[in-house]
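Structure below; questions to follow.
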Amino acid sequence: MKIMIINPNSSQDMTDADAVAARSAAREGTEIVAVTPEYAPASIESFYDEYLCVPGILNEIRKGDENGFDAYVIACYGDPGLHAAREMTDKPVIGIAEASLYFACQLAARVAIVTIIPRFRVPVEDMVAGYGLSSKVIVRTTPVYVLDVEKDFDGSMEKLRQECFRARDEDDAEAICLGCAGFADFADSLEAELGIPVLDGVVCATKMAESIFDMGRKTSKYKTYRFPERKAYTGLMQHFGSKSEAADVAAE
Amino acid sequence: MKIMIINPNSSQDMTDADAVAARSAAREGTEIVAVTPEYAPASIESFYDEYLCVPGILNEIRKGDENGFDAYVIACYGDPGLHAAREMTDKPVIGIAEASLYFACQLAARVAIVTIIPRFRVPVEDMVAGYGLSSKVIVRTTPVYVLDVEKDFDGSMEKLRQECFRARDEDDAEAICLGCAGFADFADSLEAELGIPVLDGVVCATKMAESIFDMGRKTSKYKTYRFPERKAYTGLMQHFGSKSEAADVAAE
Amino acid sequence: MKIMIINPNSSQDMTDADAVAARSAAREGTEIVAVTPEYAPASIESFYDEYLCVPGILNEIRKGDENGFDAYVIACYGDPGLHAAREMTDKPVIGIAEASLYFACQLAARVAIVTIIPRFRVPVEDMVAGYGLSSKVIVRTTPVYVLDVEKDFDGSMEKLRQECFRARDEDDAEAICLGCAGFADFADSLEAELGIPVLDGVVCATKMAESIFDMGRKTSKYKTYRFPERKAYTGLMQHFGSKSEAADVAAE
Amino acid sequence: MKIMIINPNSSQDMTDADAVAARSAAREGTEIVAVTPEYAPASIESFYDEYLCVPGILNEIRKGDENGFDAYVIACYGDPGLHAAREMTDKPVIGIAEASLYFACQLAARVAIVTIIPRFRVPVEDMVAGYGLSSKVIVRTTPVYVLDVEKDFDGSMEKLRQECFRARDEDDAEAICLGCAGFADFADSLEAELGIPVLDGVVCATKMAESIFDMGRKTSKYKTYRFPERKAYTGLMQHFGSKSEAADVAAE
Amino acid sequence: MKIMIINPNSSQDMTDADAVAARSAAREGTEIVAVTPEYAPASIESFYDEYLCVPGILNEIRKGDENGFDAYVIACYGDPGLHAAREMTDKPVIGIAEASLYFACQLAARVAIVTIIPRFRVPVEDMVAGYGLSSKVIVRTTPVYVLDVEKDFDGSMEKLRQECFRARDEDDAEAICLGCAGFADFADSLEAELGIPVLDGVVCATKMAESIFDMGRKTSKYKTYRFPERKAYTGLMQHFGSKSEAADVAAE
Amino acid sequence: MKIMIINPNSSQDMTDADAVAARSAAREGTEIVAVTPEYAPASIESFYDEYLCVPGILNEIRKGDENGFDAYVIACYGDPGLHAAREMTDKPVIGIAEASLYFACQLAARVAIVTIIPRFRVPVEDMVAGYGLSSKVIVRTTPVYVLDVEKDFDGSMEKLRQECFRARDEDDAEAICLGCAGFADFADSLEAELGIPVLDGVVCATKMAESIFDMGRKTSKYKTYRFPERKAYTGLMQHFGSKSEAADVAAE
């Protein structure tokens, strides 16, 4: 099977790192293709960035469906545009946050997400509430910006490490979800130090995608996630106007 | 004061109708400017449309701030991009759904949103949950597409009318929020027939904007809604890279 | 339009201050009449006081309807008797807590109510839960009794100020709602110091009342808020027995 | 022990019936005194009635404490003024709704409240939500006014009976709480017909009061339910100004 | 009436103490029989222990029904097997946690459960959520193992005492539920020291059982709690295969 | 890797069918061993059966850990004893209900569980609430007993089929989870007929187990799921007394 990992920001380094993370847990026979969208913010650290990265994500999925991909992973811990992506395609679309939370809840009774800068707390908490997991999952922020990991790996690791310990010791977190796709490299050493499961979302989402593929299931095309109605889009967005046969059928 | 009403789809007719609705309840001294974004879907009827209309909305707000607007109204009943918009500006940004629900809850103990096609139920219900109002507000859909109102006014009205009666008689709805900006013209006659308050979101949002302006309050720039971090955007989105001084300050 | 601001306690000073606050944000053409009920507690600081101030409030509304008022504001941060008041009249009845919370939620993602003495925390939290806003709003108490503001303005201000800073810095509150009608005078200077929106409920409720009036909407008379059934009341309460034609119709 | 059953409306017949119900399940040694407040509505069928019956209730408790009562039962299925009453006294105060719901939840997994006229649904549902039981308890209304039971016993019984069957057969209710103190006489025959537990609140509350007395426990006087602050009340309410030593202590 | 108190662990000392606690508040005419199951863990301190004590509990109820008991109390603060027990018998089955929480909520607005070792926090919190009481009840753990009370009464008391004070002073708990049947002896002295109600579950459950008996009510046999279907059990569990006529009827 | 599928009832036919289902989606290299516990009910259709099947399940896990299994699947749609099992072992333990719900929520916005007889609705709904998914998942029952599938395959299929259509057409279910391990054979043909994803829990749980194994993660042994304290068990349960070194460490 062929999984597209979409890094919704414009950092090719992060895209490459996502590919490494995804491959680290993929089964033989799973082809991982990580992509950087044609249009994207340098990093995703606000609702603003989250919304504006979505057209780039959806554009990759459009291309992916033309190129025979079997599943998609949105590799930003806010799961931006997830529901829209599920409408566009009947292939499974996996969010790294959603995937990591479901795995974490099968390994631990209380989970902490340790994420980037403080302003990102509410977007993440709202997302967690949307998944129904508010009573099991707490969110902690760090002073780490997304691109800090590339600039200062050790310093970022140390800040993250401190907050993970606080999550374990002050909040009774029994497992940690790393709240940024860029944190993947920290997972194993943090797990070793903390003694509790530490999950990277890209890895988790890859496994979810493989699993759904193996089960032969696809995104439901009934009601909420049916293909978008066929219609014109104007200006910069004109290429998002739906022209596929699938949409024609859906529009009837 | 000067309020920008942003119709996030590409229908100039709907933009004009929004302006009429907003002016119908605006106080003297309130200048209403309704705009059609430079890039937009023909209508908004899915998560897909909701996400893809956001860049167009944010672009209008960017221009609006340069042109001295005092408040913004996002005139689609999914309140697309609302949180992102609140980050971009310190002027109040009002969603027509949120505004209408708050007014409705001050007039009635149980509220129904009567909206467009069935696939839009989950997006609306998720939004209502985000506002904390799930226990007071129910959502009903109709067979009406957004642009049906322009094509078949009477037929659309009749379908909407039937569902409003069901909401009142079967769900005990004590007030109705019309779940599409395009339904504004139906409000008064539906209210007359139903005998319960029927609220149009554009009107409601206009009054919220005026009120916040009169109180001299602005969007909080602390934590969640602080200005987006300054960063580059690539490709089609490059003009969304923040360059404002405000963002510089925020980024420090 | 003519708005009655009902200060449910017996302090004429507070009634006068409510009038000043309401007028500070009212539009031209809005007549503000602030009243002290004929029977009231000296201050409202418990469930006991909240319940016992209600007959005085309802009595003012009864008189108000005879005197052509267009809207009512209940000016105590527990919104005492709000639902009962909405049954009595088809004019809008606005609670200062409900109004301030709705405005705050349009300006900030997390809100703190900073209120009076510790025993008032549960009444306020229960009210917030009733509005569906528990996940966005936290409640902080102070050692300030309602009438302390009149006795020791500066000392009260200082205690309130400290708690507002704690709400911002420890709880990530992005906006503050002042949890007592008597705190109105503190709003602007606290906002200046804190750098986040600080809302006074009397001002907020006044704007809500004006807005609903401008939209030509009234309290729903269907199901929950229909006029009370016509019936006799005994003893001290006998003047609350309904005699209006409206009630006759409702009773049929 | 001596329990005061307070029928908050002015019907002496209903007060007498409450006494009969309470005595039917009371242990030997429990003295039941049922009272009709000095000021009360003819019946309680709205938020309006619920608020306006509270002063009468609290006045009885004030007298009760002077006369050595050990516990109080508020015998209206909206539990009006319950929290205020708990502040006034350190004796247990039991609401018939709360008591019946707790017993019902120990006998069945899903519970229906079958109550009076449709407008009373929201007050009851709000109360149930306040007790945390919304996911287990559904509310059904009937066309029965409170005083209908006195006027047309058989007709009222029949209407109630039909709705109880619907609750069992359509909502899977496994136990019924009768949602009006005036329905006590129907409990046993309805239970016989329905084959599921049918609980009367007055009986339930009496047993709760006895139990708490037997355990030697009293209402907590810490924080929320501490005695009301000593203060003056004006006009009709002046006798509610606190003068007790207990309140003096509390006010320190 | 005859109440069976089932101590689900194998400590005869704790069984004896439960009997003492139950008798301390029972009415004359209530016969208390406390039993130690034939198979049980030494103590219950995990989900593991909670599940594995259930067969022993259910076996006692089976014998109890053959011996004319009128009610059952499960005397472990996790209420293990409560729903299963309610299916087996039409007599009331009371959990000490559920009973104590309902009484506490009638005496105080905020309640703390102070229980055993930290790992037991999630089982207790999940149980509280199941009763709908999460917003009123907080859970605190201590370093006390169940059998510590027998080994070091004073040391256990001191650890419990410290946590109760924290619950009152840091969490605003207005009443305490002792979160282990073995803590019964501490209730009165803790209440005296803390000045807020301290409830022991065995006592509370005994009073609930008496009350339901006095009201002549039984466990609903409709839907959820109907008798288990008649079927074979294999191996160690074979004696749990239902053979009673009641089950036959239910199975039809 | 080696996965143990535990069918908690005594039907060897169902155990065999579970093995077939698990193998249908397992990757090469995954060894599936399906077991029937030494002591079990004939079927699981009540809380009673759910509790009494747990010792048999835990006994298999104890043996499994001695025999080098890498993961466990509890193959009953009530996920009986899941939390207890997670305490016993550091290998992942997957519940078929939890696994299927997480996959379904990644494929559809609204999910229906279609399960066995009506009395099983509350156990399933309580479980769903425990996973936080009540707002997305509805439960429908059928007249099908667990063993009916073996006795009357076609009749059972038809009853299930009807209810699945109702779930889709009346409740807007966009995906179906089959609410009994015995329904696995129906999944593909129901999916073909309904046109929406139909998930079997055994398949889903197998994929979850493989995924967690591939990621190299294990059950958290911090706080809630740490190994049970070492202690004696009496009577029939004596072999559940912990003797493992792991537990010794944990007990320190």
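As written, the chain order gives the labels A, B, C, D, E and F, with residue 1 at the start of each chain.
As a convention for this text, a contact is a pair of C-beta atoms (placed from the backbone, for glycine too) under 8 Å apart; a residue touches a chain by one contact, two chains touch by 3 or more.
The structure presented is a predicted model; accordingly, all values stated were derived computationally and were not measured.
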Would you pick out the chains that touch chain C and also touch chain E? A, D
Joint neighbours (chain B and chain F) are A, D
Measuring between Cα centroids, what's the chain most distant from chain E? B
Computed distance of Cα centres, chain D from chain A, in Å: 52
Cα-centroid distance, chain C relative to chain D, in whole angstrom: 28
Residues of chain C touching 2+ other chains? 83, 86, 109-110, 118, 121-122, 129, 134-135, 172, 223-224
Treating touching as the only link between chains, describe the layout with one word: line, ring, star, complete or other. other
In contact, pair by pair, are chains A-B, A-C, A-E, A-F, B-C, B-D, B-F, C-D, C-E, D-E, D-F, E-F
Along chain A, where are the residues that touch chain C in the complex? 118, 121-122, 129, 134
Interfacial residue positions of chain F with respect to chain E in the complex: 10, 37-43, 45-52, 54-56, 58, 81, 83-84, 86-88, 118-119, 121-123, 126, 129-130, 145, 223-224, 226, 228-229, 231-238, 240-241
Would you mind writing out the residues of chain F in touch with chain B in their complex? 109-110, 135, 172
Once bound in the complex, which stretches of chain A touch chain F? 25-27, 83, 92, 94, 98-99, 102-103, 105-110, 131-136, 168, 172, 174-175, 195-197, 199, 203-204, 207-208, 210-212, 214-225
